[in-house]
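Each structure below appears as structure tokens.
Both of the next two complexes hold chain A, though its partner changes from chain B to chain C.
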Partner chain A sequence: MERMKIGKEKFGDFLAALDKQLYAPQKVGETLRFVPITPEDKLDLEFSNTTVPPKSVLFPQTETLYRYELGKTDLNLPDDEAEKVLLGVRPCDARAMAIVDDLFSWDYNDPYYQGKREKTTVVGLACSDPEVNCFCTSVGGGPASTEGLDLLLTDLGEVYLLQPLTEKGNNLCREAAEVLEQATEEDAAAAEKLHQEAAGKIVRKVDTEGVTEKLMELWDHSLWQDLSRACLGCGTCTFLCPTCYCFDIQDEAEGLEGRRCRVWDSCMFAEYTLHASGHNPRPTVRERTRNRVNHKYSYFATKFGKIACVGCGRCINLCPVNIDILNILAEVIKEAI
Partner chain B sequence: MKEIANPYKPEIATIEDTWQETYGDRAIKTFKVVLDDEEIRENWSHRPGQCAMIGILGVGESMISISCSPTEGKFLRFSVMRAGKVTQALHELEPGDKMTVRGPYGNSFPVDDWKGKNILTIGGGIGQAPLRPIIEYVKANRADYKGLSLIYGARTSADLCFKDEFKALDERDDVNYHLSIDIEEEGWEHYVGFVPSLLMEVDPSPENTIAITCGPPVMINFVLQNLKELNFTDEQIYTTLENRMKCGIGKCGRCNVAHLYVCKDGPVFSYATLKSIPEAFA
Partner chain C sequence: MVDLEKLRTVAKETISRDDVKYLIGWRQGTYGFRVTPCFIEEPGEAEQLIFSPLCTNNLASYLIVTEKLPLPRGEKPDTRKVAVMVKGCDSRAVVQQLIEQGIKREELYIIGCPCEGVLDLKKVEAKFPHILDPVAAQWGKDKIIFQLPEGVVEVPREEVLAQKCLDCRDPNPVIADITLGEEIEAWGNGEYQDVKELEAKSAEERWAFWEDKFSSCIRCYSCRNVCPMCYCKDCILDRLNPSWIYRSTNISENTAFHLSRAFHLAGRCIECGECERVCPVDIPLMKLNQKFSKEVEEKYGYRPGIDPEAKPLQSSYRPDDKEDFIL
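Right, the complex of A and B next:
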């Protein structure tokens, strides 16, 4: 489908034309995160990126697997998912969805994740003003990359340019055809110019060539000790990482009502790998930090052929003790033979 | 949500029988369970070495090795050491009670590739549980294998699992076994010492033999060293790894050893494979 455009003042009409549950970034306390909205809600898409990535919609922090009554054995699965639109997803976070898709469809299909993913149309918003720690261009992405997106919006000042990318994206444009206009050659050229300018504003870079092998060569290197020492094990880097998907499964019961649910977990927590015997195969922050970096840049790449990092910079921006994955990678590249 | 192919949704099973194998803080209890759904029970198939996620609604789930061979019948056995919250709650269950079961998970011992060979199992403590299905499988297909030798030890005679089953082997001339305990006890007629030393005492020939070892990590490490001293090649030695697990299907992340998941790529590994994984003996 061809590129379309819509005046910003009419954007609410566009949303109103979509008969789907809408999610968009909203401030919740101090954090910017994706929450359900209505077309009447005031939207602020002038953000660099959300604090919490949109994975929280497809892979909620706490998710019921099934409910039961204590003392009984009937297992009640959740209802089917509603059609959703995720609005204002940054291209890095959309790429993260494409990466996580591989995990949840590997060998066993995950009906909870896939059920939501299939019913969700992802509307991206090209970056015009990358943050200081953004490094998407080093890991295969860019401020207007389209992987994982169904429709890409570019902010042209007075109007948004809409670039449909998939059948789901086409469908959105069809549903809202009445409020959309055909974009011109000039609009497309203006968007292209913005995309290139944004890419030029990304300052942090890393050369990931061969890093998958280099990491394994440096298994016992002292850099892991040196660069992990400050780690508090708070797990922020992983909870807010758009490609981190580790989870725990827990039973919860109140009165006679029980449920088995999955909740986000983090390889940076000591309890994550702690055996019931008391033995812990990753006993200190050294082993846990090595696992986090190796998983993203080596293990995942070995298994799925792609690095599980999209360069969003959240783990750098939000680490309370300034542990910086690019510094770790730089050290790895320097030390590897 | 679609009823089919939800790998997180367990089956309900009824406990048919239990045996208190050992006592104390880390007691071991064996459960014989039968899946309630007749169709699923008839279609269930597992191979020696595989595991299942067993649990109690309202408490949680634990990954436990299936300690019976599929040749034994349409039931499952689990030998569970009391170690944490879920296993404590499992120990409170009695015949007639329900548990949740999902699986089977993981790879398995390549028992069919081992046909025509001598089988040697070397177990310690609860580590005999994953070895038991191999022993039962070989016994059920006895003509397909050459020698069957079992080495098994525990701290004291009271800590040995499956005691009656070892005793029953006295009646057979096609299985030989060697038991050990760490410290001398009155009336003990078998070896006194650690399992790796008993292995050297038994002095098995590596000729056409597969050695499989399961037990505490420290025992495994010395058994591996001693098997090498006895000239077993890396390809002739198998063991299992265990790590904390939640999903069992290679998604939740925690059981990884480097790029491999114990729940998917394991729990069974040849020593040749293990040597190439940096985190395998962590």
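Right, the complex of A and C next:
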């Protein structure tokens, strides 16, 4: 389908025309995350990125797998998912979805994730103002990358340009056809110019060529001790990473009722690999930091053919002790033979 | 002000001592305003050390969180001291750890750094975004002087200092083996203004305030992990049988988590503000901890981490303790 456009003042009409559950970034507490909205809610998409990535919608931090009652044999499964639209997803976070898709459809087709993923249309917004730690262009992305997106918006000032990318994206444009206008050649050219300018604003870079193999060569290198020593072992870098997907399964009972749920887990927690015997194969922050980097840049890359990092920069921005994945990669590249 | 040359000389001398295994200090981070804790093992590495308004981390946390591997059979433990650089608030953490017998005095060599207040990086990075090249900062009179890539910029201290520093009553280390620089006159008034503002609100308003903040918690436990006073080997948050606090994130469990932690810190929080600094979702945790500090100070005249000879609040009793709040 062709490119369309809509005046910003009419964007609420566009949303109202979509008969779907809408999610968009809103402030919860002090920070932005994706939450359900209505077409009447005030939308503010003028931010660099949300603190909590949109994975929280497709892979919620806490998700009920089923409910049970003591003394009864039937399990209550969650209701079928509604059709959803995720609005204002940044291209890096959309690429992360394409990465996580591989995991949740690999040896086992995860019905909870896939149930939501299949019914979700992802509407992206091209970045115009990358943050200092954005490095999407080093890991195969860009401020207007389309992978993982169904529809890409570009902010042209007064209007949004809509670029449908998949059948789901086409469907959105069809549903809202009445409020959309055909975009002109000039609009498309203006968007292209903005995309290039944004890419030019990205300052941090790393050459990931061969890093998958280099990491394996440096398994026992002293750099892991040096670069991880300040780590506090919190879950900030992993919980807020758009490609981190580890979870724990917990039973939570109240009285005679209970539920089995899955909750985000983090390989940076000491408890994550703690065996029942008391032995821990990753006993210190050194092994855990190495695992985090190796998983993204080596293990996942070897298994699925792509690096599990989209360069959103959250782990760098939010680390309390300035453990910086680009610094780690730079050291790895320097030390490898 | 701490002289950088003196600091590095002292650090070199310290690390050269036979009875010191390593020194924990601060060095320039990987970009912009960031500083990172560093662990110095060789005298030559002392050249990296800095002390400036950017040195936010409370290094006393590492005295207690550093993981130790079990010793190979036959090997003797390394009983040499850990040298640590402390600001005023950080030194209170050391004192409180000593009072609680979390660490022993003979295990430490403490380098005190009188501090005129550290920065709130959220304020600073909002003021000066997109800065990649390392920035240096120093204290001036009532201002902070930044050496930005485009030149020197001066900012009034109240615009960029962390709130806990604007209210600081303990700029000088309360314990040290050696103190660098001159003693600084304290400026905080102990008024707990932030707490009073919240207290003035109705219960409904206060609940709405905390419900909004706690709803955003992602339970990364960075507040717990960074806290120099959170060092239980078996934390109730990790317990599964029984599971005192469920792992699921919702307003009920998140509130239980934050209130449990606040209660466990009552009479122990030394007000370094690290929990609030590291929170990735900006929960104003110091408002909660300060409420407890205020109660403890008003009811018992007790401030933790000041006097190494004091007993922990919970294990001290005085016949003249106030009783007027007992229902």
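Some observations on this one:
Just so it is clear, the second predicted complex is superposed on the first by the 336 of 337 C-alpha atoms of A that agree within 3 Å, B and C clash if a C-alpha of one lies under 4 Å from a C-alpha of the other, contacts with A are read in each partner's own complex, and residues count from 1 in each chain.
Convention: a residue touches a chain if its C-beta (ideal position, glycine included) is under 8 Å from a C-beta of that chain, and two chains touch if they have at least 3 such contacts.
Note that this is a predicted model, so its numbers are computed, not measured.
In the overlay built on the shared chain, the residue A:216 is in contact with chain B alone; chain C does not reach it. By the touch criterion stated above, A:38 is placed in contact with neither chain B nor chain C. In the superposed pair of complexes, A:105 makes contact with neither chain B nor chain C. By the touch criterion defined above, A:250 lies against chain B and chain C together after alignment on the C-alpha atoms of chain A. In the superposition on chain A, contact of A:184 is made with neither chain B nor chain C. By the touch criterion stated above, A:234 is placed in contact with chain C alone, chain B being left untouched.
Of the two partner chains, neither chain B nor chain C is touched by A:196.
The residues of chain A shared by its contacts with chain B and with chain C are 248, 250.
Across the complex, chain A meets chain C through its residues 28-31, 33, 51-52, 61-62, 131-133, 203-204, 229-230, 232-236, 239-240, 248, 250, 252, 261, 263-264, 266, 269-271, 283-285, 316, 318, 320-324, 326-327.
Touching chain A in their complex are the following residues of chain B: 1-3, 5-10, 12, 36, 55, 57-61, 83-84, 87, 98, 217, 242-244, 246-247, 249-254, 256-259, 264, 278-279, 282. Residue ranges on chain A touching chain B, taken from their complex, read 65-66, 68, 70, 73, 75, 77-80, 103-104, 106-112, 115, 216, 219-220, 245-251, 253, 258, 260, 262, 265, 267, 272-277, 279, 281-282, 287, 291, 294-295, 298-299, 302-303.
For chain C in complex with chain A, the touching residues are 29-32, 34-39, 57, 61-62, 65, 67, 69, 129-132, 212-222, 224-226, 238, 243, 246-250, 274, 277-278, 280-283.
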